[in-house]
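Heads up: the structure comes next, in structure tokens.
Going in written order, the chains are labelled A, B, C, D and E, and every chain counts its residues from 1.
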Amino acid sequence: GTSSGDDDGGGGGATGSEEQGGFTAPDIEMAESLGDNEGTLSVLAWPGYAEDGSTDKSVDWVTPFEEGTGCQVEVKYFGTSDEAVSLMKSGQYDVVSASGDASLRLIAGGDVAPVNTDLIDNYADVWSFLKDRDWNSVDGQMYGVPHGYGANLLMYNTDEVDPAPTSWSSVFDDAGTYSGKVTSYDSPIYIADAALYLMNTQPDLGIKDPYSLDADQLAAAVDLLKQQREHVGEYWSDYLKETQAFKTGDSVIGTTWQVIANLAQSEGATVEAFLPDEGSTGWSDTWMVSSKTEAPNCAYAWLNHIVSPEANAAVAEWFGEAPANEKACDLTSDGFCESYHAGDEAYAEKIHYWTTPIEQCLDGRTDVTCTTYQDWTQAWTEIKG
Amino acid sequence: MTRSVLLAFSALVLLFVYAPLALVVLNSFNTSRTFEWPPPGFTTKWWSAAVDSEGARNAIVVSLEVALVATVIALVLGTMAALALQRFRFFGRDTVSLLIILPIALPGVVTGIALANAFLTMFGIELGMLTLVVSHATFCIVTVFNNAIARLRRLGGNLEEASMDLGAGTFRTFWSVTLPMMRSALLAGALLSFALSFDEIIVTTFTAGQGIQTLPIWIYQNLFRPNQAPVVNVVAAALIVLSIVPIWLSQKLAGTDESVAAAR
Amino acid sequence: MLWLGVLYLGSLAALFITSLWSVDAFGGNIERIWTLDNYRDLFTIDVYRTITVRTLLIAAAVTIIDAVLAFPVALYMAKVASPRLQRILVIAVLTPLWASYLVKAYAWRGMFASGGPLDAVGLSPGYGLAATVLTLSYLWLPYMILPMYAGLERLPNSLIEASADLGAGTGTTMRRVVLPVLFPAAVAGSIFTFSLTLGDYIAVKIVGGANQMLGNVVYDSFLTGNNLPFAAAVATIPVAAMLVYLTAVRRTGALDSL
Amino acid sequence: MSTTAVELVGLSKSFGDVTAVDGVDLEIRDGEFFSMLGPSGSGKTTVLRMIAGFEQPTSGRVHLAGQDVTGRPPFARDVNTVFQDYALFPHMDVLANVEYGLRVKKVPRAERRERATAALEAVQLGDLAARRPTQLSGGQRQRVALARALVNRPKVLLLDEPLGALDLKLRRSMQLELKQIQRDVGITFVFVTHDQEEALTMSDRIAVFRDGRIEQVAAPADLYESPASPFVAGFVGTSNLLEGEAAHTVLGRRGVFSIRPEKIHLGDEVGDDDATAPGVVQDVVYLGSVNHYLVELDAGPTLTVLRQNLRGTTHEAMALRGQRVTVGWAPEHVIELDQERQGQQHQELEES
Amino acid sequence: MSTTAVELVGLSKSFGDVTAVDGVDLEIRDGEFFSMLGPSGSGKTTVLRMIAGFEQPTSGRVHLAGQDVTGRPPFARDVNTVFQDYALFPHMDVLANVEYGLRVKKVPRAERRERATAALEAVQLGDLAARRPTQLSGGQRQRVALARALVNRPKVLLLDEPLGALDLKLRRSMQLELKQIQRDVGITFVFVTHDQEEALTMSDRIAVFRDGRIEQVAAPADLYESPASPFVAGFVGTSNLLEGEAAHTVLGRRGVFSIRPEKIHLGDEVGDDDATAPGVVQDVVYLGSVNHYLVELDAGPTLTVLRQNLRGTTHEAMALRGQRVTVGWAPEHVIELDQERQGQQHQELEES
């Protein structure tokens, strides 16, 4: 998941996670060594992950790669994880930036190959808490290189909101205080934020994972969100809209991304953003290599490049997320990594990364079926009314 | 008296139409990246950024290409449809005209998902330039068609008959008489269809796939990038100004319209 | 002709058929099992009715506002302005069509913002349905002015004169002669405003506050929810609305004056 | 003497550079059938439109029934117009069209219906009340337009070439009908036409327009028999002009003269007191009830001679073609046209 | 005998339910000025369009110069058309309009220019070659249309009410001009009109149409003097019908009879051999060169009597209004109209 509009979290995951034990990765060969670069590389990426200077001349980490490796890059952008999955199935692309809700599907579908991290020099510098996670590895075998991550924060207007909030309750149970000026992220996946809140406040519901909700749990989250809806001024889906709203005071409290908070502050808005103690939702992306690639060397070169301190720093700053490479923080502007809490393991542990809800409960329950993303979508429509 | 009331009202409506556009232009010089009001300062940096923006340029080129191809297809098909409908009395004349306006009369969301679904499942075509152009042409046909048929109705068949009477065959007649007579109508239709296609976002979203960045898509994506919104304003402001040229030109050319009417 | 017949009608038919299918539990993949579930959901869950009614009301409001705004302008252009001014006005009306839709919508967001230009003079309704209606009216206004203008141009001056000659004042002439004769043109314009509004999902996101319209439901179901069958089912609502509208206005000759 | 229905005083109208009407003074009497005759572009319509109030004069006044109405809008004037294109409201049926004027004057429904029906009966369209204008033929539309105007019982009815779009046959019969209706209702008719025959047939008086001015105002016979200028002579009927050298040779006088075709005697008809001239019959044009003989005089000009087919066969008439003949006329039928004289003077002469 | 330019055999045309043309047989001779006369909707235009090839007959054949051309497209027929609205190409100047036919036939540029210029000279428009049609007056447009057709030297020229849009004055002069041009070029003209006077003036022969059929084909004088039916009698000239009881009272015979207005004697003109009838002058219509006296016979019908204003004043003529008079006519001028007889038979009669 990323920032590109509200398209995040689309599509369904493949099968469950490891805990369910129902999942063995297809046997796909892993590269053992590298040879000469093939000359071309086809990249499938979220918009903003592979900038070549066409948007903004100063934003370019593709050209240095081309110059350094001789691999000519062709970039195609995708809008949803589903699209990424179906495009990868066509076999035309060598590498892909996969979000948590696409990576497992790609692994299960045999569309991506295990990645030999020994061949990627810069892998060593990746924060260790991003390695060997559920969404990027199977049985300890990495299937890609972590790229960046971020959390959904709570932002508030320091002039208007007093006392300063400490918990998500200020946008849920206490939303009425700032009725009409509360804002929330406009996507079904936001239901997980409510579920996360309920997980902490109503243990009776038995929510263990905000992305695996049975019908009752979903109903409870929906109820909570419907109450919140009364006080929501508007839902936001893009930087501009939210930054504007906080600047003008049309919104005073709500979810945000670090990048927006920074932007708003730089534009003179009196806002603060923080990660409440309950934890939060968030995203983490991984670069993967196609199992059918004819340019494995360029592909590995790309993976190495994209997590190189320079490129990783550039992406993180341009895109507005925490870099995966700890050395990137030396290259980012002052205070960047601090503000994004890059490398803060405790902080990262509080993030519940976006995953696509599917029928099989990801939290390991087998006695109930969980609600799917389609259910969430319909529920989201109902919530907004 | 009534005239001055009308004039005042029209002026108000035009103010209503142009106030937001003025704001767009103003914001393209606004130092604030999020269009603070009143503008905290004045800067031309967005303009120079826009001039340097390869993405914007590419997107404009793509949009121009798409609009151009779609307009050409619409011109050919719309004209043919109008000619056929005017010429032949067949049973479903009404149905056909209804069919032609349907793509514009049905909401873009519907057209978008219907076409996307058809391309992907019925024809198995990957979304891309082809599907985009085809989709645009589908709803552009109507503007050409309507202009063409209105003109044909006004002309009647007399001039064509006169041409055949003087020994010109069907093709010659079309080339030397029908086409020149329809020119200004086709031009108006083409212009509108070009504008429609150029600024289309909904159908485009569904049928273009991600590889193709038309200008509206570029704008859409860039509005989601924190540093780009003012640049988008610049592009829009520039477009507003530039758009006057083709419209003015077409109006000038369409000036022959009156003479067409007067000659009859 | 064939193009449209096969491609467009075929697409619509396919869409309708799809609406009778469902998606599998993992999402994304369509299961070709005939079911009316989608329609059942549509009819039984209140929220869809609410959204439908809201959307139709917005479309109606936009259409009426546009008609009210467009009429005097079109009248001025067609019947009062000199040929030269007429040409300039046509350009003035057409020009905004070239400014990007999104940019204009954001401009309105700026206009409505707290402390924005409208708020400064105390006229901003804030984000919400009123703002949506206003923004959509603004966006589609040229589509109403142009057919009305064309319609008025075709209206012979002698009809207006005849009415005055028979003793009707300006108001009566407008009401009894100009408006009825203009009706088909207005309906033609309303096809645009109505259909464009029914299908819109962007403007409401930008200025509509927390509200949503039918377009959002279709969009969310299709792109976000990846539930094409349900999206298709929802899409039949505006299609049905437009078809009802089109057949209703067909006899007025409006379809010829688009 | 009858009262004045319409009085125009120094009426002028310019459109930009074009002076459409240039200082028109005119009195139209109550109850009169008054025609305005003139070539295309001579300003007839513009004068009519100023009387109706659709156009404001650049200078001059319009009086209706003694009241100065200059500046009043059309709906505040007690005149009605029958438009050349009829201007029937396409969205109303025939009855509604006719009722329109009464409805906007808030005449009660029952009376309205009654008067409209009566008006439709008067123009023999009682059974077409429910039709739409598009479903009517040209002649029928014309009558609806008439009924729509007459039902308001205006003081003055203005008609702008109401018969222009009809075919000849229908036109002739409508001419008679219109004249009859005018006699029945007694309303002042101001009738614009460029058809001289129509004007002669129907009118009590005719004003001949030329370039925005009135050239002559007179009753039909006076106009025809004593045209004030070569222009009037030529526009109303065939003028057979004799001028310059030819006039001197034939008539023994200098000046501009006209002899009407029906006044010229041919061959043995020529009387003893007649002035004569020799010539050759160039052509014989058969018109059914009359023939036209085009006689080229030895003195130069060609005269048209009209002869009723009272007796004799067509073949005899045609046989004259190419023959030498003598034409003659009574001296009193030679009209002397003074090119210097102004139509305006003539009008005063005529009014006195 | 002259050869046949156009031959129509059993020509019919239906539009859906409407039978526009219903079994027309007709031969038009080479070099003849042939008119088709008839009321609106009688099928004249449709016949012309079938000759030109714009319309395909439902049944029947079209022969041009002996060749069956039914089914050939317009551009493969050696005829040209002058359209009622002229159908000049507004995007070309006058010269280009006239050259058009030659250009599509790939006539070399120099010859083309020469012939077009000559054609324009012939219609006296040599100096307007560079104008656009919009910059021309009605009469000038009409002449351009004529030149555009004539420059191709077709075997047959078809003209569909070419003078319909002109005003009376211009129309009269164009009639003469057109006739002159036809004589000069010697091309067969097929001329559609609903103006009887125009047809009588210009034509060698006239076909009278009624409801898609031909009622009579004859030379003008024959048509006027021996109409084959009451319809023809009424359409061509004023018919003054006497039928039933009135005929018996006045003429002493039963049947349908017509007496032309110009053949009726009035008052002291009545000769000794004349049949007479008493009546009252109801109205006198002044037409300038002639007067119409409407005389209501004691026996019932009203007869129109035409009298040339040869001598006497208008006042004398008007004074007759309301007077009792005796009208009379030579017995040979009473036309017996056999309502049963078909126009078709007459045509054969006439052709033999």
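Just so we're on the same page, contacts are C-beta pairs under 8 Å (C-beta built on N, C-alpha and C of every residue); 3 or more make two chains touch, one makes a residue touch a chain.
As the structure is a computational prediction, the values presented were derived from the model and not from experiment.
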item: Those chains which touch chain D and also touch chain B; value: C, E
item: Chain E and chain D - chains in contact with each; value: none
item: Far-end chain from chain E, centres as C-alpha averages; value: A
item: Central subunit by CA centre of mass proxy; value: B
item: Chain centre separation (chain B, chain C; CA means) in Å; value: 17
item: Chain A and chain D, separation of their C-alpha mean positions in angstrom; value: 90
item: Separation of mean Cα positions, chain E and chain B [Å, integer]; value: 53
item: Centre-of-Cα separation between chain B and chain A, whole angstrom; value: 38
item: Contacts with 2+ other chains: residues of chain B; value: 35, 37, 220, 223, 229
item: Shared interface positions of chain C, touching two or more other chains; value: 106, 110, 113, 115-116, 223
item: Touching pairs - complete list by chain label; value: A-B, A-C, B-C, B-E, C-D, D-E
item: Residues of chain D touching chain C in the complex; value: 52-54, 73-75, 79-81, 83-85, 87-91, 100-101, 104-105, 148-149, 152
item: Residue ranges of chain B in contact with chain A within the complex; value: 32-37, 40, 49, 52-55, 58, 126, 210-211, 220-229
item: Touch list for chain C against partner chain D, complex; value: 156, 158-159, 161-169, 172, 176-177, 180-181, 183
item: Residues of chain A touching chain C in the complex; value: 6-7, 9-14, 79-80, 82, 186-188, 229, 232-235, 237, 240-241, 244-245, 248-250, 356, 358-359, 369, 372-374, 376-378, 380-382, 384-385
item: Parts of chain B lying in touch with chain E, wherever the complex brings them together; value: 158-159, 161-170, 172, 176-177, 180-181, 256, 259-260, 262-264
